[in-house]
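Letters A, B, C, D, E and F name the chains as they come in the text, with residue numbers starting at 1 for each one.
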Amino acid sequence: MAEFTPSLLVVSAHAGDFVWRAGGAIAKAAMRGERATVVCLSYGERGESASKWLAGNSLEEIKAIRRDEATAAAAALGAEIEFLDMGDYPLVETPEAMTRLVDVFRRVQPTVVLTHTLADPYNGDHPAAARMALQARVLAQAIGVPNADGSVPTKDEIIGAPPVFFFEPHQPEQCDFRPNLLLDITDAFERKRAAMECLPAQTHMWEYYTQLAIRRGVQLKRNAGPNLGLPHDTMGEAYVRYYPQVTEELS
Amino acid sequence: MAEFTPSLLVVSAHAGDFVWRAGGAIAKAAMRGERATVVCLSYGERGESASKWLAGNSLEEIKAIRRDEATAAAAALGAEIEFLDMGDYPLVETPEAMTRLVDVFRRVQPTVVLTHTLADPYNGDHPAAARMALQARVLAQAIGVPNADGSVPTKDEIIGAPPVFFFEPHQPEQCDFRPNLLLDITDAFERKRAAMECLPAQTHMWEYYTQLAIRRGVQLKRNAGPNLGLPHDTMGEAYVRYYPQVTEELS
Amino acid sequence: MAEFTPSLLVVSAHAGDFVWRAGGAIAKAAMRGERATVVCLSYGERGESASKWLAGNSLEEIKAIRRDEATAAAAALGAEIEFLDMGDYPLVETPEAMTRLVDVFRRVQPTVVLTHTLADPYNGDHPAAARMALQARVLAQAIGVPNADGSVPTKDEIIGAPPVFFFEPHQPEQCDFRPNLLLDITDAFERKRAAMECLPAQTHMWEYYTQLAIRRGVQLKRNAGPNLGLPHDTMGEAYVRYYPQVTEELS
Amino acid sequence: MAEFTPSLLVVSAHAGDFVWRAGGAIAKAAMRGERATVVCLSYGERGESASKWLAGNSLEEIKAIRRDEATAAAAALGAEIEFLDMGDYPLVETPEAMTRLVDVFRRVQPTVVLTHTLADPYNGDHPAAARMALQARVLAQAIGVPNADGSVPTKDEIIGAPPVFFFEPHQPEQCDFRPNLLLDITDAFERKRAAMECLPAQTHMWEYYTQLAIRRGVQLKRNAGPNLGLPHDTMGEAYVRYYPQVTEELS
Amino acid sequence: MAEFTPSLLVVSAHAGDFVWRAGGAIAKAAMRGERATVVCLSYGERGESASKWLAGNSLEEIKAIRRDEATAAAAALGAEIEFLDMGDYPLVETPEAMTRLVDVFRRVQPTVVLTHTLADPYNGDHPAAARMALQARVLAQAIGVPNADGSVPTKDEIIGAPPVFFFEPHQPEQCDFRPNLLLDITDAFERKRAAMECLPAQTHMWEYYTQLAIRRGVQLKRNAGPNLGLPHDTMGEAYVRYYPQVTEELS
Amino acid sequence: MAEFTPSLLVVSAHAGDFVWRAGGAIAKAAMRGERATVVCLSYGERGESASKWLAGNSLEEIKAIRRDEATAAAAALGAEIEFLDMGDYPLVETPEAMTRLVDVFRRVQPTVVLTHTLADPYNGDHPAAARMALQARVLAQAIGVPNADGSVPTKDEIIGAPPVFFFEPHQPEQCDFRPNLLLDITDAFERKRAAMECLPAQTHMWEYYTQLAIRRGVQLKRNAGPNLGLPHDTMGEAYVRYYPQVTEELS
């Protein structure tokens, strides 16, 4: 295991998910000078590209467009990005896919992992991505699970036990999403907005997710109480912490 | 509202609960030089003093014994303690009791609150104490709720929105206690043990809760992962955070 | 505490509940020669006696009618019965009511307790009765809780930790009633039917609860499997066990 | 029981709740020419009037202000309103309060009931109001429960079994609010906005709840699917139906 | 997308399920002159044909018998039926199976979908069928998911967002089946009974499911209240609505 | 189906699980002279053998070591053991694996089945094993599901409906493990300890699981109450019963 260096890994089912759902957390990590990596399991080429199909694009054209957009959005946030091109609608959990994702975890050595919720009645790819991320995290910890090239991993190649956070789905209540963590993204929101604007096919979402950040900011202030002196225009993102928090101090 | 000064408030149904369930957290706060206050709603004179009744003590004698023990235990932890003597078995949620508890919240100005779980099929006083603590916390925030002397509170007298943590009940799974926070109490355990030993009627509990601290420590290390380099003999306490965590950084 | 003698206690909100919901269990206990006691917290005089109000009866007349019917039904099952006449719609949880119910527990020394579910969106008296039964059971265990006459109880007067079972409400799924125990009442069903027929205002219920016994019997056979060789006409009652089962053998 | 005439009853803990949470549903009923009645259990004088206390108003002045505002908002929606002045922070569930609320149900003869959720960790008055509304609804159905003047109710005075809907709390996920019904309030939103503007102390809420209506509208369109041809600017309110829906047709 | 024409699609794991569990809803749709289609993923040839195996029939014979019975039952209800013959015990969720089921959704253009619950500890095929139905519904909506012949679907070929209802399993409480909708099938029950009688190997089920319809009818009347004036012999079927209801009016 | 002969079947994901989690139940069955069979789906060679990989052992060496250890532990408990060698990390649910497991069920004719919980965020193999055990149990009941050699099973070859119990995972609360059964293993603990000592790579676990047995014993005594007269040093194991208990008597 490498010594402790902050490293954020975001496992995104489709090319755009990480922007709307976790753009603030990614930008904040980058602004602190930390490594942030996004891995897109698919481009969302079949399930989240209706307008491009209607415009008559081919599958490969759509994948290229989405790749370019997501690359630009990641750059706007300050993150690295890679694409596993596993296909979507449905995203299928094969052994090969798992091997590739374990390889990502071992290369990135995440100290924090973000992914989708385990339930989503509107999109089966999202829970599939979450299950894959959780399984890859556990497999990547085990020295008995070989590397992608078949070799036995060294102690530096296996990973620790990074905390996992689920980011907010489109219809949170229907996805059993009950936030137990509200992240203050006020200072990072400008970057998040810039990243959103890299996705031109979904202009109506720009305002929608700006309003969501305001809404979560209002809740953040209410939960923080007046003691923290948060400004009126606090922006937030909501998360569910999956494993127990380990801490030296209650706060 | 006063400016931010750490202040831990523990709302305990009976005189001994705070020792077994939250002694580590209290000691840690005290060891950091912070104020820690325990408020015992009752002495546990009827429901948790069987051996003293069997020995033929009177109600007042039992209350005095329990008061002395709890006072010694609080001192061992480094905490202040007060007793509201509301009676137990059952602990009843009256308007007068609520007024007194609101007064405690306003005097103590807690920045962290610890109390029982909201469910406990073995002891109805525990959920009653939790409900009272939660209600008092909300009432104490409102400038429209008068002080105990009938006066309108000043802005410094009302409280903020301190986080609330439920400490561990005796049979956690039966009380819907699913810890989402594991507190490292290794350096505070010696104080906790000393406090436990202030309760001589329950010597078999000393070892029982020592073993529980070891058990929660093992889980703490597993959830932390090897990155944190926790020592082999890590001791822990488990908690449930009730309101969403507000934070600047995912970790 | 007395030595172990089987004693079944049924805490029923209204005068008729015990018949429809637990008649089979009561009859089985009686047929084994065990003591069975029903305590009716109210007569159901306001909430479950519509036809009698429409017929112009007075409150006292209705209480007398319901008392007579319930007494006859208990006799048909082989059980003792007592009436606490606490009033219904709503059934209110006062300290006095609790003292009286603790007294029942101490006199009856139950080894098994049956009562309502903790949720019922159609009738608030049912959960109130369940809460009272659960609280009385805990208070009756404590030597520090005085008897009704103010005396300190002896070791023989306090009770043990009898298991508690919730019997089936009218709309089980709406009451979070997920049975984890199916009781074979085939040999006791004749008595249950006889007890139901002591309640003449609700003739349509006789068939309804006969059919329910068949339905639970079908499920019982399916869960038992063919090994037990249960007969085709097995009748059943469904229960939820509230505390963990303690056992010497998995079966 | 009276013959079927639509009648909407909204049970609101404080004077303003009905506007933010159910203004659309109320306005829609009124626009269909139906009777809509709001009953405010308290004025929210202690818990939701901080700015008025800070401005040095007396309790009676605050109650008068809140009464006037709520009266104006109800008028803007097209609803009747009455105030039970039970006090808030805490709202206490007394027998007298229940009798008064049963009286409201019998006078209003509701065919639909709206109220708060049964859980709200931020405000204990909201669940208290919900519990009171649910209990009053059941008591008002029973011919054995006397009228406020002590008389036995006639068949026309008792009520039926109106469906109950919980309206949306401020932090839905923390209140176990999982909407199972989305109401299209597009045509009624202008009235809702006008009603919100009758509450001048909370101008920041006007926009907040306008944005929430947009958000729920987006979800409404997604759940409706394209078949219904809903317009781009659909506005919505979210509800939880408490009892099973009874219907002649699945749709 | 086609214009709105009512079309009911029932996804049934085995050949008989649709009769017992949704026969009333199917018959009602047919009686309104609407299209109703049943798709049986398997014949239930291995898991639900014990008597035929005991009688020495071959696999192909059993499939033929079950096909004939289900065809007759569908005719009795007034529904079309098709058989995908995917095999049972276990029913396996392959990509090919999914392609075929997406094709059914696109051909049928359902406006309402019925299927099994997502949990069933007694029969793994039932949740498998539910998962397949839910996934097929989402895939069939996406223009990027090709037709079975590999072509890009037209706007008329993709489907909308039809509501989904889970029908009642054999042991509802064990399957987390908490009905939130009760359908009045009184006028359709004669057809349902006729369809049940097309399944001669399960004569004991005819009465069992007749009694269940009576039971759900009693609950339906209780939830409807007296206002609707439902007749004494109301028959019902219970369902769980999976997605939020979208409506113009609370009722 | 064979006549009723007690037969315990334990389905264990890895070679060591059955010792820590169910050793007491296995030993008790053996001490009663009953057949007890452990089936290990894998050796835990990749996921639970870190020290052996670090020591430079090959995959086959590790499998052999774990096989020997588990064989010795089973012998110490008095159980038979077989190894299906399906591979771990991940354990994959293939049709072939299922056929082999069905074969085990039909050979062993279990009257009680023990396996893992259905949730475990720390180890995906555990829920996979539980799903496989549950599915195999249902398939083995069906006469239409062929034997491993393709033959139609006889009536003696299919199995009944044995109860299933989930044994305790390492972090019970995180695995939704809420025990509803506490098994007294006092007289079997010596055997369990001997079996644990057959697993020398995990010496720190010996004490950990001894302490857990003490802890569950304390809870067992509390739930049993004083009536049963259990000794001070009662040891216990906790289980979750999955299907409803079928019984002739409430106790």
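The rule is short, and it goes like this: a residue touches a chain if its C-beta (ideal position, glycine included) is under 8 Å from a C-beta of that chain, and two chains touch if they have at least 3 such contacts.
Keep in mind that what you see is a predicted model, and the values were worked out from it rather than measured.
Asker: Treat each pair of touching chains as one step and give the shortest count from subunit A to subunit E.
Answerer: Minimum number of steps from subunit A to subunit E: 1.
Asker: Averaging each chain's C-alpha atoms to get its centre, pick out the one most distant from subunit F.
Answerer: Most distant chain from subunit F: D.
Asker: Shared numbers divided by all numbers used: is that above or below half for subunit C and subunit D, i.e. same or different?
Answerer: different
Asker: Sharing more than half its contact pairs with A-E, counted by residue number, which one of C-E, A-B or C-D qualifies?
Answerer: Going through C-E, A-B or C-D one by one, only C-D repeats the A-E interface.
Asker: How many angstrom between the C-alpha centroids of subunit E and subunit B?
Answerer: 53
Asker: Distance-wise, how many Å sit between the C-alpha centres of subunit B and subunit D, to the nearest whole number?
Answerer: 37
Asker: Counting in whole Å, what is the centre-to-centre distance of subunit A and subunit D, each centre being its mean C-alpha position?
Answerer: 38
Asker: Find every residue in subunit B that makes contact with two or more other chains and list them.
Answerer: Each of 122, 174, 179, 219, 222, 243-244 in subunit B touches at least two other chains.
Asker: Which word fits how the chains touch one another: line, ring, star, complete or other?
Answerer: other
Asker: Can you name every chain pair that touches?
Answerer: Pairs satisfying the touch definition: A-B, A-D, A-E, A-F, B-C, B-D, B-F, C-D, C-E, C-F, D-E, E-F.
Asker: Show which residues of subunit A lie in contact with subunit D when the two form their complex.
Answerer: Residue list for subunit A touching subunit D: 122, 170-174, 176-179, 208, 211-212, 214-215, 218-219, 222.
Asker: Considering the complex alone, what residue numbers of subunit E touch subunit A?
Answerer: By the definition above, subunit E touches subunit A via 95, 98, 134-135, 138-139, 142-145, 152, 155, 242-244.
Asker: For a test of understanding, state which residues of subunit E touch subunit D in their complex under the given definition.
Answerer: Of all residues in subunit E, those touching subunit D are 1, 4, 8, 25, 28, 32, 111-112, 114, 141, 160-163, 165, 179-184, 219-220, 222-228, 238-239, 241, 243-251.
Asker: Quick one: which bits of subunit B touch subunit C in the complex? Just the residue numbers, please.
Answerer: 45-47, 49-50, 53-54, 59, 62, 89-90, 92, 121-124, 174
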